[in-house]
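Both complexes shown next keep chain A, but they swap its partner, so chain B is in the first and chain C is in the second.
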Partner chain A sequence: MLFTSYGFILFLCVVIGLYYIIPKRFQWQLLLISSFVFYYFSGWSNLIYILVTIVSTYFIGMKLGNLNKQQNLYLKENKETLSREEKKAYKERIKAKRWRWLLFCLFFNLGILAVIKYTNFAIANINNIFTLFKMNELSFVNLIQPMGISFYTFKTMGYIIDVYRVKYEPERNIGKLALFVSFFPQLIQGPISRFDDLSLSLFKEHDFNAKSFSFGFQRVLWGYFKKLVIADRIVVAVLEITRNPETYDGIFVLVGMVFYAIQLYADFTGGIDITIGIAQMLGIEVKENFNRPYFSKSIVEYWRRWHITMGTWFRDYIFYPLSVCKPMLNISKSSRKRFGEQIGKKVPVYLSTMTVWFTTGLWHGASWNFVVWGLLNGFVILVSQEFEPLYAKFHQRFNVRDTFGFRLFQVIRTFLLMSSLRILDCYRDVGISFRMFGSMFTKFNINEMLTGSLLKLGLDISDYIVLLIGVIVLISISLIQRSGSVREKISGKPAIIRYTVYVLLLFSIVIFGAYGIGFDSNQFIYNQF
Partner chain B sequence: MRKKKIISFVILILVIVTLALLLQKLLMPKYMTKIVEGALIAEYYDEKNKNHDVIFIGDCEVYENLSPITLWEEYGITSYIRGSAQQLIWHSYYILEDTLKYEKPDVVVFSVLSMMYDTPQKEAYNRMSIDGLPLSLTKMKLAKASMLPEEDLITYIFPLLRFHSRWNELSEEDFKYWFKKDQIAHNGYLMRVDVKPASSFPKPRKLADYKFGDICYEYLDKIVKLCKDNDIELVLLKAPSLYPHWYEEWDSQIVDYAEKNGLLYINMLNHLDEIGLDFNTDTYDAGLHLNLSGAEKSSVFLGRILQTEFNLSDKRQDKYLKAVWKEKADAYYEMEADQYRELEEYGYLLKFNMKRSEENNQ
Partner chain C sequence: MKALLEILEELHPEIDFETHKSLIDDKILDSFDIITIIAEVNDEYDVAIPAHEITPENFNSASALYELIERLMDED
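Up next, the complex of A and B:
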């Protein structure tokens, strides 16, 4: 069930209606049932995967919690009788047990994800090797990727690691854990919530709050505006350019690159706006996933502001543990010996960074495009970090001040850099992506822009006008957001102004939205990850 | 404070509903020129005198080939044609069901050509057959039965969701007919006075299977039952159009069905001489559809059969009906005169040849 389908809107109306009608103590149960109904629409067989993940995470979480309790109880009861060494040995034994359970849970659930998502990718690569040796190729397997598997697997893995780290107690009610994993607004494209962030408001009893409901509804509308008016309109031109690299090179690659940046932003942030808005209508707080990323002045800042919950997930559950794990500490030691203190201490950081970005790329999709995209991101981040002192010297030498013009330059530079990397997301393989990127500098066909070529990309002049206005609105809202919530600002205005804004927003979606017959219904880009 | 908030919220909802209705009316196709067939279904609901002896249901075979005005003038029979472009059998069934909410005719005449289609054909035809119906359960059932996979039921409840993208193709016509439309047809009859003699048609190709689809029989059974339940005589009709080809095998299936169900079946193709049709002068598109003279001849022929077979009384002396139908006939003859005038002046009919008239204006 797509967020943009009529079926979903009807489903949502029924759920929200019931949510505030039934006794409050049943609210979370209703959300659980609704989430499973929502998931059922993606295919009943998909339910098996998510159920397996929920059940395995629940029982292993409980096991980890019980082991911890058992340890605490044993140590408390035998406080006087056990020596320090005995206590330490007991703790080590329990820790080892807990570690084994954790590893089992991680391997089991990430294994499901890996098999479903990466089997055919692996087969394709094995076949490439087989072809070199003229061996028979393996056949591909027909595995359908369950909706949102990357998102819910990451949520559960975050949960189980936190329980292992005794950050919080395991959830004793399997229904509540199931709701945390499957909460329908964020099931298909995140944000990747943490249990301790979401659970409190998710399981709480909620009274109807007109302000929260209204704010949530406005956010949902804003999400639909981004998705239907901008993303689903501009996608036509993006696909025309990127699916026909023989026809559209040079300046068209730049156009496609910028258009894709707009599409991806409107699509992904639009989807998250809908998610957070729905949650808010239900009185539930979901963490923000974006913080005006296109206003970032550097790539590091960009990744702090784009898909925040994914970035922090990789930081907390991969980067940090990897940086301090034993093998990495050994590498650090030996590299310091070999290359000296200055360079040696950076080796583990480089390795951890590149591992994180390799995994991030792979998480985004089972193709070399994403792997290369991830590694390039890591590379650019490391290079820019290394060059920082050089930049500082340069700025000092040429007296570059932190003026508006310079900040604007930094923002545009970061936008173009990130858009360039995303070319890998658009073309069908790495080779074409690099070739197309190169053609921007080797083929000078800017004159084609003056001969109406933009109108041959599947969009007419009225579409471009709508897009232009849509993007101006998008930028304006982002600018206003810098000084606080736009909805708060609107709510302080007289009723006539407030209502005019709401009505305009609603009808701009209804009239100018790219939906229905004549438009392909486009999945949210991040649904496939 | 609370009261004020509630009032302003109600006002907001009212404004939204009003705007949505206004925009919907503006953005929906008006069907006032070129594809005027789209306006036929809705026109019935503006009809003040919904009390007819005969109701015709079907596709262009009825709304282009039969004239209710002729039936009135020749036999005093009151009739209405509930037809639209490529009206499939399930369209006809539900449109009849809807019609019976307003009136109980003595006779229903169903055009059997649509038996050849057992699947929905085009979304555009669905819209023309369905959008004109007022919102009701019948309309929803009709939409459900007719929809192509890419269609959504909700767009038949709120057509704005279907036609919203017309904002960039709005024309003068959309604003001109925003609130009030012209009358296009004469009790459902779409008049054309121009002539295009019938030429040769491609040889009918052999079909792999001549049997009408099960779904068509299912709906035909439903039409029979609906008429029986309402004590209405049902007539099956094949109008005298030369194309699409009406196969012998199709004809014999209808003959058998009519016999089995005790229905009158009239295949007008078997009576071309008796009707007096001359396909050099009585068709406007080379035999696919009849023009005014052809439709009037057909109506004279059919009216005679209907009157004798079903004892339909001659109502021409009824004062009220006389006045009503005089008004209708005046409009009919006025349009006829206008069309002849246009033919003389331009050589073609403006309403049906918008492109040509636009080119000439440039």
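Up next, the complex of A and C:
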């Protein structure tokens, strides 16, 4: 069930209506049932996968919690009789048991994700090797990827690691854990919430709050505006350019790159606006996933502001544990001895960064395009880090000051850099992506833009006018957001202005939304991850 | 504490680590700095700071970090 389908709108109206009618103590149960109904419509067989993940995570979470309790009780009861060494040995035994349960849970659930998502990718690569040696190729398997599997698997992994770390107690009600994993607004494209962030407001009883409801509704409308008016319109030109690299090279690659940046932003942030807006209409707080990322002045800053919940997930559950594990600390020691203090201490940073970005790439999709995209991101981050002192010297030497002009230059530079890396998202393989990137420099001909070529990409002049206005609105809203919530600002205006804004937004979605022939209702890009 | 201050000052000589109390909140220490600090603390104090102890509360000031190191040494 797509967010953009009429079926979903109807489903949402029913759920919200019931949510505020039924006794409040049943609200979370209603959300649980609704989430499973929502998931059922994506294919009933998919329910098996999510149920297996919920059940395994629940029981292993309980096991981890019970082992921890057992340890605390034993140590308390035998406080006087046990020596320090005996206590330590007991703790080590329990820790080893807990560690084994954690590993089992991670491998089991990650295994499901890996088999479903990466089997055919692995087969394709094995076949490439087999072809070299003239061996018979393996046939591909037909596995349907359950909706949102990458997102819910990461949510459960975060939960089980936190329980292992005794950050919080395991959830004792399997229904509540199931709701956390499957909460329908964020099931298909995140944000990747943490249990301790979401659970409090998710399971709480909520009175109808007019302000929260109205703010949520406005956010949902804003999300639909981004998705239907901008993303689903501009995607036509993006696909025309990127699916025909033989026809569209040179300056068209630059156009495609910028258009894709607009599409991805409108699509993904629009989807998240709908998610957070729906949750807010239900009185539930979901953490923000974006902080005006295209205003970032460096790639490191960009990744702090784009898909925040994914970035912090990788940081907390992969980057830090990997960087501070014993083998890595040993590598750090030996590399310092071998390469000297300055270079040696960077070795763990390099290793962990590249591992995280390799994983991030792979998480985004089972193809070399995403792996190379991830590794390039890691590489650029490390290079920028290394060049930082050089930049500082350069700025000092040439008296570069932190003026508006310089900041604008940094923002545009970061936007173009990130857009260039995203070329790998768009073309069918890595080779074509690099060739197309190169053609921007070797075949750049601005005259091609003056002969009406843009009108041959599937969009007419009225589409471009709508897009231009849409993008101006997007940028304006982002600029206004710098000084606080736009909805708070609007709510302080007289009723006539407030309602004009709402009506304009609603009508612009209905009138300018990209529907009809040539504009098939598109899946959100991140649904596929 | 002196050794810890030296480790921190080497990373960011421009910061007064004895008085600064919001190293993470003010984005002075980034994730690269944190893992460099942990590796050096491991060398200097022979204590491993586990990943779940990497929290803003533990890294916002030199004194909080030193308290963490002492606590972990005690637990050993």
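The working rule: the second predicted complex is superposed on the first by the 526 of 529 C-alpha atoms of A that agree within 3 Å, B and C clash if a C-alpha of one lies under 4 Å from a C-alpha of the other, contacts with A are read in each partner's own complex, and residues count from 1 in each chain.
Operating definition for what follows: a contact is a pair of C-beta atoms (placed from the backbone, for glycine too) under 8 Å apart; a residue touches a chain by one contact, two chains touch by 3 or more.
Model, not experiment: these values are computed from the prediction.
S.K.: Is A:E205 contacted by the first partner chain B, the second partner chain C, both or neither?
M.R.: After superposition on chain A, A:E205 lies in contact with neither partner.
S.K.: Identify the partner contact of A:F507: answer first if only chain B is touched, second if only chain C is, both if each is, neither if none is.
M.R.: A:F507 contacts chain B only, not chain C.
S.K.: Quick check on the superposed pair: does A:K326 touch chain B, chain C, both, or neither? Answer first, second, both or neither.
M.R.: Only chain C is touched by A:K326; chain B is not.
S.K.: Between chain B (first) and chain C (second), which, if any, makes contact with A:Q385: first, second, both or neither?
M.R.: Touch status of A:Q385: second partner only.
S.K.: Going by the contact rule at the top, pick out the chain B residues touching chain A in the complex.
M.R.: Residues in contact with chain A: 8, 11-12, 15-16, 19-20, 23, 27, 123, 150-152, 154-155, 160-162, 164-165, 167-168.
S.K.: Once bound in the complex, which stretches of chain A touch chain C?
M.R.: 165, 167, 300, 315-316, 319-321, 323-326, 329, 332-333, 345, 348-349, 352-353, 385
S.K.: Mind pulling up the chain A residues that touch chain B in the complex?
M.R.: Residues 6, 460, 462, 495, 499, 502-503, 506-507, 510-519.
S.K.: List the residues on chain C that touch chain A in their complex, please.
M.R.: Checking each residue of chain C against chain A gives 30-32, 34-36, 38-40, 42-43, 48-52, 54.
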